[in-house]
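So, here's a batch of structures to check.
First chain A sits with chain B, and in the next complex the same chain sits with chain C.
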Partner chain A sequence: MIQIACPYCGPRDEAEFAYRGDATVHRPAEEAGFHDYVYARANPRGWHLEWWHHTGGCRAVLKVLRHTATHEVRAVGLPADRPEPPSA
Partner chain B sequence: MRYSGLRLLTQAFAGNTGWKPAWRDTAPKSSYDVVIVGGGGHGLATAYYLAREHGITNVAVLERGRIGLGNTGRNTTIIRSNYLLPENHNFYEWSLKLWEGLEQDLNYNAMVSQRGVLNLFHSDAARHAAARRGNAMRLDGIDAELLDRAQVAEFCPLIDLDNARFPVMGGLLQRRGGTARHDAVAWGFARAADRRGVDIIQECEVQGIETEGGRVTALRTSRGRIRAGRVGLAVAGSTSLLAGMAGFEVPIESHVLQAFVSEAVKPLVHAVITFGAGHFYISQSDKGGLVFGGGLDGWNSYAQRGNLPAVEHVFAAGVAMMPALSRLRALRSWGGMMDMTPDGSPIIGLTPIQGLTMTGGWCYGGFKATPGSGWCHAWTIAKGEPHPLNAAFTLDRFRQGRLLDERGAGPFAWAQ
Partner chain C sequence: MSATEPHPWLAGALVPGRFGAAAGEPVRLGTRACELVQVLARRDGDAALQAAIRAAGGPDLPPPGHAAQGERMAALWTQPRGWLIQAGPDAGLARRLADACGPAAAVVEQTHGRCVFTLEGAHARAVLARLCRVDLHPRAFGPGRVAVTPLSEIAAVIHQTGAAPGFDIIVASSYARAVAGMLAAAAAPIGYQVGGDQMGGDQMGGDQMGGDRVD
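After this line comes the complex of A and B, so read on.
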């Protein structure tokens, strides 16, 4: 079970959240970048920065740093936060 | 050694001492014409059809673990071709036709059983969608039957037609669909490829892909460097990692899908039945265990194991469709890795690297495609261009806007 510590609601079960995918992609200003924005994903085996929407709680959109092989959640922040993947 | 009834009989009287390993466990040579990365069903099928259809036998299949122990052994073994889009159903129909002759072709019992695949629907809108899909299939000569409530009740009495929230209104049946035994498919292709001279190299992990002037030249592996004229990737679940080694990006996310087997019971579910109001599908293995599964856990994962919310959803949907299932105990559960694409359709064909082809992006529909994927991938490797059957499954269709979004779910890999 993945548990996500919502900054507003505290630690909550993954079932309360809706997954919203890779949080490292940015909407481009130019049309040229749209393919990568919509489709291209790094899909790392390791630390992954991703959006989780707390649909069953405060409805905040959270930025979560999670490991895709161990499922460990390392950091949970608000959209403006910039959690750094651990170096080791 | 050819398998036959006579061979079985003579071996029985000889104390079964004359059986030989089904394939050679070979050490890698320093160079091959074609190297296939991934010894699952798709990779082995690619090697087999390269040898059989195109006469290319200086081929190696590299497998990180042992044959049959990867994602090939982690699926729910359903075969069918009941897709809406012509590019999809024509490809899967070719694969289904290959399934129909596969055992004679491979001289191996893959336990292909055309017991029928029934998709239930629970609303007028879903009936329209099912009728449209069935008609699209029939226009291309593929069998499909629209069943009403009474026919569903007759086909499978265990289904709860009067579920309070999702009453069953009917179903779309493909009688030629069914199941096959996943392990035997991998073993059968391995043996048949080996008999045609293909080297199957186990416990050989690819760690790097060397290119020169935009062309693939060699692979760095845990068992040394192997030069290759052409390389085919058949590593669904890990395609992003291998593509990354070659220096290109694929529009794929890796996700986990769980599956379950119940305790063995007497014949109960004689076909493959899918629930239309939730993600649930079920069949019964010849050992008696009910094999079932549902949707993805829904977040990127390379772990080959899932979590409890998806388990709860699958069991709830199953009991809603067949209340009798609540009396059974689940025996085992496991997770497999899926290459999820943004449109839910696979990628079979050329890549930006010359001499490097791929079959991947299988979402959770890869098993039924095993022979068709291998056949089309082998063609693409041999001819240097895709066959018409896989011409639409290109890597650059996303850039061109030629998506094959069977479900119309939008570009969200986890929603496909």
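After this line comes the complex of A and C, so read on.
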């Protein structure tokens, strides 16, 4: 169980959220990039920027920086935020 | 549609009396008759929404996690740029707010769409803690605070109305009967009272939802 500190609601348990995938992919302007946009994922071991939807609370879609091996949540922001993964 | 009618889903779900553990102080479980209207600010509508709410006798719209009481209505924060407005029964709230807000906000009547339970007494916190995940300890929560969080698995708005402590629990009407059963089951080990002695001006009881006030 991880906790996500929603900027609106405060710290809440993972069960209140819906995981919405990789937050680093961007919709391509050209049709050519669509296969990778829809299907290709890096699946990193380490820091991962991802979408979490606070479905059980304020309904905001949040950008979360999470470590895929330790589940540590390092940053939680709004869609416009650009949290930087730690260099270590 | 403005008249506040009893929720048919609740008929017979909460009958007056004392239930569960017989010793000690029971929590008081009931329902609150009130009007509820959801308001969501449209793009660039924030200032006009606030002005309309204030002109209608409402409070300054509260920040996330808080409620505010105005002269004629209360506002509960529920989501970014969205609030539940609560007033006494038969206030005609939805029509008044829709007229006042114009295009600044989406105004949605929720009086019949939601059901408000009241849970009060020294052990009310312990009962709620069995059902939800938020920290209700006085150092983290208190009167005037609001949490939008699932109660068991059911979407709910929890509003602490008093220091006693007293809570309003707002759920979709279609889940009202399930929530009544959940609250009763969670309160049974402590003991709970439906109806009878009044506390905080609320009328308690299953489907007797007339004549009580919001304040």
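Just so we're on the same page, the second predicted complex is superposed on the first by the 88 of 88 C-alpha atoms of A that agree within 3 Å, B and C clash if a C-alpha of one lies under 4 Å from a C-alpha of the other, contacts with A are read in each partner's own complex, and residues count from 1 in each chain.
Throughout what follows, contacts are C-beta pairs under 8 Å (C-beta built on N, C-alpha and C of every residue); 3 or more make two chains touch, one makes a residue touch a chain.
Just so it is clear, the model here is predicted, and its values are computed rather than measured.
In the superposition on chain A, A:81 contacts neither chain B nor chain C. Within the superposed three-chain model, A:15 lies in touch with chain B and with chain C [touch as defined at top]. More residues of chain A are touched by B (comparison of chain B with chain C). When the two complexes are overlaid on their common chain A, residue A:71 makes contact with chain B while staying clear of chain C. Judged by the touch definition given at the top, the superposed model places A:48 against chain B, while chain C stays out of reach. For the contact definition in use here, the residues of chain A common to its chain B contact set and its chain C contact set are 13, 15. Contacts from chain C toward chain A in the complex involve residues 64-65, 78-80, 133-134, 147-150, 155.
Chain A meets chain C in the complex at residues 8-10, 12-13, 15-16, 56-60.
Within the complex, the chain B residues that touch chain A are 238, 240-241, 249-254, 298-303, 307-309, 342, 398-399, 411-414. Residues 1-2, 13-15, 19, 21-22, 35, 38-45, 48, 50, 66, 68-71 of chain A are the ones that touch chain B when the two sit in their complex.
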